[in-house]
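Below is one structure, written out as structure tokens; the observations come after it.
For reference, chains read A, B, C, D and E in written order, and residue numbers begin at 1 within each chain.
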Amino acid sequence: MKERTVWEQIADQLRSRSIWMLHYCTGCGAMELPPTMTARFDMERFGIMPMATPRQADILLITGYLNTKTLRRVIYTYEQMADPKYVIGFGSCTINGGIYYDSYSTINRLDYYIPVDVYIAGCMPRPEAILEAFQYLMEKIRKGEADGWKRYKENYEWYKQNQIRSLGEVYVHDEFHE
Amino acid sequence: MMTLAIAIPLIAAFLAAIRKSWGYILYAIAAILNFILSLSLIGAVPSIHALGGWKPPFGINLVLDNASFYAILFINAIFLIVAVFPDIIGKYATVMLVLMAAVNGFVLTGDLFNSFVFMEIISAAAVIIASKRENYYSAFKYLIFAGIAGSLYLIAVIFVYTQTGSLNMAQAAYFSFSQKSLVAITTLFLIGLGVEAKLFPLNGWVMGVYGGNDLAPVILSTAVTFSAMYMMGRLMITIFGGGVLQVLYVLALITMLAGELAALYQKNLLKTLAYSSIGQAGLVLAVLSKGKEPFTSLAYFQLMNEVTAKLVLFLVAGYLVYKYTNLNGIFKSHKVLGTAFSIASFSLVGFPLFAGFQSKLRIIMEAFKGGDYLLPALLLLATLIELTYLIRWNVRLWFEDQVEEGEKGSWRHGFVAIALAIFLVVIFFFPNIYLAPASKMADAITSVSGYINIVTSGLGGM
Amino acid sequence: MTGVYKAIFNLAIAFFFVLTLEGIGRKITARVQRRIGPPWYQSFIDVFKALSKHPFSNGWIFDFGVLMALGGAIATAAIVPMGSTFWTPFPNTDNFFVIMYLFAVGALGMAMGMVGSGNPWASIGVTRALTQMLGYELPYLIVLASMMFYYKTASIHLLIEKQAGGWNLLVMPIGAIVAFISLLGMLGKKPFDIAIAPAEIASGPMVELSGKYLGLLHIMHVFSIFVEITLFVDVFLGGGNFWWFLLKFLIVWILAVLISSVLPRFRIEQMLKFYWGVPLGLAFLNAFFVLMGWTL
Amino acid sequence: MTNSMNEALKAIEIFNPMVEEIDERQVKVSVGNDKLVSVLETLKSKGYSHLSLITCVDWIDDGQLELVYILFSWQDGGKFIVTTRIDRNNPKFVTVKEIWPVARFYERELHEFFGVEFEGNDDMKPLFLELWDEMPPLRKDFDPREYSKSKFPDRKYEKDVIKEAKIFRGEIDG
Amino acid sequence: MAITLISILALSVAVYFISKLSWKVGAVINALAGAYLMIYLFTLKVGSSEVLGTLFGEKLLLTYTNASFYFSFVSMLVILAVMVFAIKWLDSQKYPSAFNMFLLMMTAASLGVFFAGDLLTLYIFWEIAVLSSMLIVPMGKKEARRAAIIYAVMSATGTYMYLYASFMIYSRYGNFNLAEVAKDLANDPSMPFKVTVYLLLAAAGIAKSGIFPLHTWLRIAHGNAPDAFSAVLSGQLVKLGSYVLMLVTAFFPTLKMFQGLELYSKIPSPNYFLLALGATSIIVGTLMAIKQDDMKMLIAFSSVANGGYILVGIATMDAIGFEGGILHVFNHALAAAIIFMAFASVVYRTHTTKISEMGGLIHKMPITFISYLFAIISLAGIPPMSGFISKWMIYQALVRKGMFVTAFIAFFGSIGSFLYVFRPLAGVFLGQLPKKYKDVKEVPAIMWIPMVTLVAISFIMGVWPFPILKPIEAMRADFAISPSVKIADASNWLVRGVTGSWNPVIVFNLFIIGFAIAYLLYTLFPKPKKVDLLAPHKEEGAPINIYTGGEYIYTPDLYQYNTKMYAGFERMYEKHPSWEKVLDMLCKFFHDLGQLVHGWFFRPSPSAYAFWTVMTLLIVFWVRW
């Protein structure tokens, strides 16, 4: 790992204190976020805020299953985010496929396709776990270890190859988007 | 000399009736001769000619004063212009010659019964002309109307005869009628002449006749209308001064508005123009019915402008309507005709740079001076309506997408139309070309004693 | 030349004070919602973090729009007097209309740049913002017009001086209320955050902004808030020294934040109907009172 | 069974259906291939005008695919489940998109997931799956686990996670 | 003056025949003639007077006043720009020769209107201007043919009222001369006469500048006329109307004429009536402009609104309001001309005026876009463009007079203008570029140079407005409108109003400094990555395009938002009463009347004729006996 300049260290400090997240939500995972945001756990006290577009977001929170169809959109969204960007895989389904590990359409391992900085295990993880993960991510950012976005650039060929292996093609044309 | 103006066309008509194929040539010769003749008459103004040596008030006499001189000059000029178009005249040369003779006689005559006779001849010839292109129904309607008008005219003449014991116009002008008989006579004359002068509500025939073929509007709306207007002035102002002029004023204003409104509604080019000429006639009559200078001269000025413009419009329209079935954008192929048409219609509306501006604005100005606020208002309203449909036609003929392929136009139409159109522009800059004759005509018409003097002083000489 | 120094001071105050206030505002909102909320300096972190990121640009008009927005906002913020004649950078140019319309340069720049991104959400957001402008500006301008009529001046520092006898809040209470309601619309605070509406149109005009563009626009927003609230404070809450001004500013801001933290969002027609209903009527009532001379 | 269902059943009696009452408002009607469309049309005319679903069941042992048409009546909430069986190896049937235009999407779906061809419906582009290259995935002889293994690599655990978890819980000694 | 005008009129006919040989040469001659006239304006001495000719025994007088100078300067600025623009633009037109001829004719005629020293001269030149412009209008789109008719009729409605009033004046005072008439009117004791004349004369201006009851022709005529000519129509021809309105409200001493009729804030009720019409036009123009999809019609309605501003400013009868109104003539002329020329450039390349069919042209036509941008900044009245100054002045007057309802309408129009100018900005120039326009190019230099020149003038006048304020102040002094404040204070760089002042130079410099600071910040932080608007763009292998909610969209047209932009707001007034429909009804009424006349009197059978004859006889006898 390269040494960070002073400016980058300052910037990392700032980044760790102001995390704007874009959450990619499927069913059950999304349920855990409202309590995390609202009065009970209040994630805003760490400077974490939900954002509406990938352009403004710093982290991509992936809660729950990704199938081939949604993975394409997630990759697309991830690539639209501005550097530096981080990914949190949420729940066991992103780690190893969860209970549908043998389905013909769900993927089993998120970090095979895009770099994941932090995983949160559990099905589903509690808000405490989420906050814990955020704290961990902040720590990583502060130390300059959350370098998923750099890894994605460096190993772009590898990621792309994996994506194509599972998806065939990432960006598809179909009748509804022409 | 004067008799020749009637005689030449009549003789030509006889010849033409014998040899049909000579018709056009005879017409052309007669028109040229008549025009030269009427020009040469300028030295003879004022004079009278007693036919057959019977002196007025016993015999029939022809009167040549300023009014009748300029009237026949103008009328013969129109006949001459029409002579350029053999294709319009066609087989109707004989009738046209008769018409020419009758119109000249109608204008020149100083005898009431004689004028009735000439009017009947005009009607007869006009009906035949109107029936060109199998326009029989309209011609029939015209015939009925002309018949009614003629009989009323005749009744009026009889009235005059019972009162004065003479048929001479000067005698009638000299005679002082009682108010009641004056009203009766003038009313009958009004209706008799009203048909030819297109007075409301006697103008129902106009749309059918003018809108039915290409010859009728060209000659009827110009020469015949001019003669009718002349006679209207002569009878209503010179001879039976006073009378029903106020009624004429009201009727004329209604004529103006009714004509323009109907023209706004009309969707056929010739018929639109026909209604437009009703409207214009209303304007002229309204101004004429003021019965005094300077309105009379302005009325004739306006009439001359209108007739010139209408001649152009009817020439162009008649030519195009029978050449094409769909007129949209046709001027793209007939630029010269189109330019002439536009100029004539702008002149009719009264845009500056064109003749109509001079006469219309003068009318408004004089009306205001005379304290008449109604005439200008109605005139402007009528002009607004007129502008609407004329612009509509101009835009349609110039700018719509062309439907039919344009053919090569006739140079005769182009030349005559553009020359007259340019003349209209010239008149804007030099209005005296028309205004001077018009005011001379008006002087002659408004001066009763002058007329009587001409006739009486003419008794001695020939 | 002193004008220039004062203008620079204006900008410095605008930046630091308003960013602090934003943090405080978030804290207050959090407390209202029974949360703890971020620290007071959170907005500083947000701005500088945004500036530190590696952004995307959608073409030159996008860049130009953002620069124009910020430039216009800076120019406006530099003119506004801060509560007293002394803190008026350019006494000859502090005309109310000049400030109002110069303010529009920034708005136009933002609109242009954001729509230049080619994203329809941005266009929708901008049209909403413009429509909203039609709502809140009218009552505000009527109130201000009646005020100018009353004092025969449109110069802000003269208006401040004329309030030596009593605040306009007390002279024209109706006008002050209307202006405050309009201020909520100007600030884009809660019932009137139609233009941004993250849940509907993905934060509207800002949808394509990343990194430093977002940061620059945030700074522009900060200057806008400064101009809007300063105008209100100057015109209605009278003069005083600099610290009084800051205090009044703080109070107005907190009031706006408190109101916004408990209200849901209007729809666009509802907003227009709202503004053209009671506030506009009250504004005319105020104008009528002023014409009649019925002021307190 | 409701009255209208009885009436409807009476109306389709001529097609020799095999009727099986599932519950008060659900009746399963099995008919032959050639009579299915007639039955559907009759039922539609009897008020069962809403085509809720077309689906398919794979009877791999019988070598048959069972097409299931679920019709619903908005009058009394009755439901007819009309089924027919077609050959599994040559899955072809006729389209009902002339009766219910919406059927074309269901038929596309069936084509995608079971490989059933519908004659008369030419629009058989994939509807849900993107870039699918295997056999139709809902057929019983398709092995999703195999497919998943080939396409979506699993995480290779270097440690025995279960054992570690047991150690963590204190069940065994590590 | 007379010789120049007449020779230019004659030249216009010559230009037609020259253009027949080569329309390019004709267009160049036009431009040269325009340039000559522009220079000629500066050589003329204010106050000089000349006789054009004699008509009906009255001298046709040409006088050169400050107002003549100002208005003809503005006109020539616009016309000259369009003439240069047309040199290239004409190759997209079907009738270049006629266009050249009528344009030059119209130019001479409008100058004649401004030079006219009496009512009749004004009328003559006015009619020539109307006629020649009316003949250019139908050269545009298909709808333009109807537009020409409506234009002619509306214009004539106003003109004939004006003519009637002129002759009323003449029959009363025996004089057409404007200065004399002004004197006579001031001393006339008959109030009904003065009010009638005033309103009738104003009717011409109302019709021409598109003030409320006669505004409907603007939409259709401006929207469908040949594109470059729309610039003249909106930038120059409607200003003829403003000139007449200025004559009747300010040149005629209305305050003195209508003493005792003051309605509110010392404004006489006839003036107030005009002011109310102006205010109504602001509302109508703004609301209608907001909902237009056709960009030219949109700006046509904005012309209605801005004509309203001019009228409101003039009719306040207040020094600063008057100057604001007059300055707005300049500002709107320039802005509208630039906008319409920009649109003409767009149409020249894309052949459509529908906003909903375009988008993203900024990347293809940047100079056109910049011109349009500056023009709308001026039109919306945002500093540092010149448009702000005039609006500011008008507001000052309204506030000073305490006219809150009018002020409300003025503010409404101003804010509303943000809404409608944004619509073409976003719909035409910004956003996604439809695939069919991917080969569109910027227009040639000869077309954008006039636009950019006008932009530069408008911009300079926004930063340093004192040169243009000078003739306006002179005009104000001529008409003796109170209070006499010195508005342009060039020595202190100040524009003074009655309720304060501002310094355009400082404002401009501040904006520059603000922009510089912003640029500094911009360069300080990480460089952006360039992203295409839609097409997946492979840079470092990663496709990055704009945010599409996670969906791939390959068709830019689907991702362009340019229809129903203000749907929420439009819905609030979608059931508005339409004045156009009222006028259509009037039209239909006349049409039906024509049908009635036709059916009653002109169609019946011969027997009915006999009936009518008898009826006439009876009526005449009944009346006369």
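Everything below uses one rule, namely that contacts are C-beta pairs under 8 Å (C-beta built on N, C-alpha and C of every residue); 3 or more make two chains touch, one makes a residue touch a chain.
All figures in this text were calculated on a predicted structure; none of them were measured in a lab.
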Following contacts chain by chain, what is the lowest number of steps it takes to reach chain E starting at chain D? 2
Partner chains that chain B and chain D have in common: none
By CA centroid distance, what chain is farthest from chain D? B
Dominant interface by pair count is C-E
Greatest centre-to-centre gap (Cα means) from chain A is with chain B
Quick check for you: compute each chain's CA centroid and the global CA centroid, then name the chain with the smallest gap between them. E
Whole-Å separation of chain centres (CA-atom averages), chain A against chain D: 36
Roughly how many whole angstrom separate the Cα centroids of chain A and chain B? 96
Could you put a whole-Å number on the gap between the CA centroids of chain B and chain C? 78
Of all the residues in chain C, which ones touch at least 2 other chains? 52-56, 121, 202, 207-208, 211
Multi-chain contact sites of chain A, meaning residues that touch two or more partners: 53, 55, 80, 172
Chain B residues counted as touching two or more neighbouring chains: none
Chain pairs in touch? A-C, A-D, A-E, B-E, C-E
Chain D residues touching chain A - in the complex, by the definition given at the top: 125-126, 128-131, 133-134, 137, 142, 144-145, 147-148, 151-155
In the complex, chain A residues that touch chain D: 68-69, 72, 95-97, 101-109, 112, 162, 165-169, 172, 174-175
For the complex, give me every residue of chain E touching chain A. 536, 540-545, 547, 550-555
Touching residues (chain side chain A, partner chain C) in the complex: 11, 14-15, 17-18, 38-39, 42, 44-47, 50-53, 55-56, 58, 80-84
Residue positions on chain C within touch of chain A in the complex are 26, 30, 33-39, 42, 45-46, 48-49, 52-56, 121, 198-199, 202-203, 206-211, 214
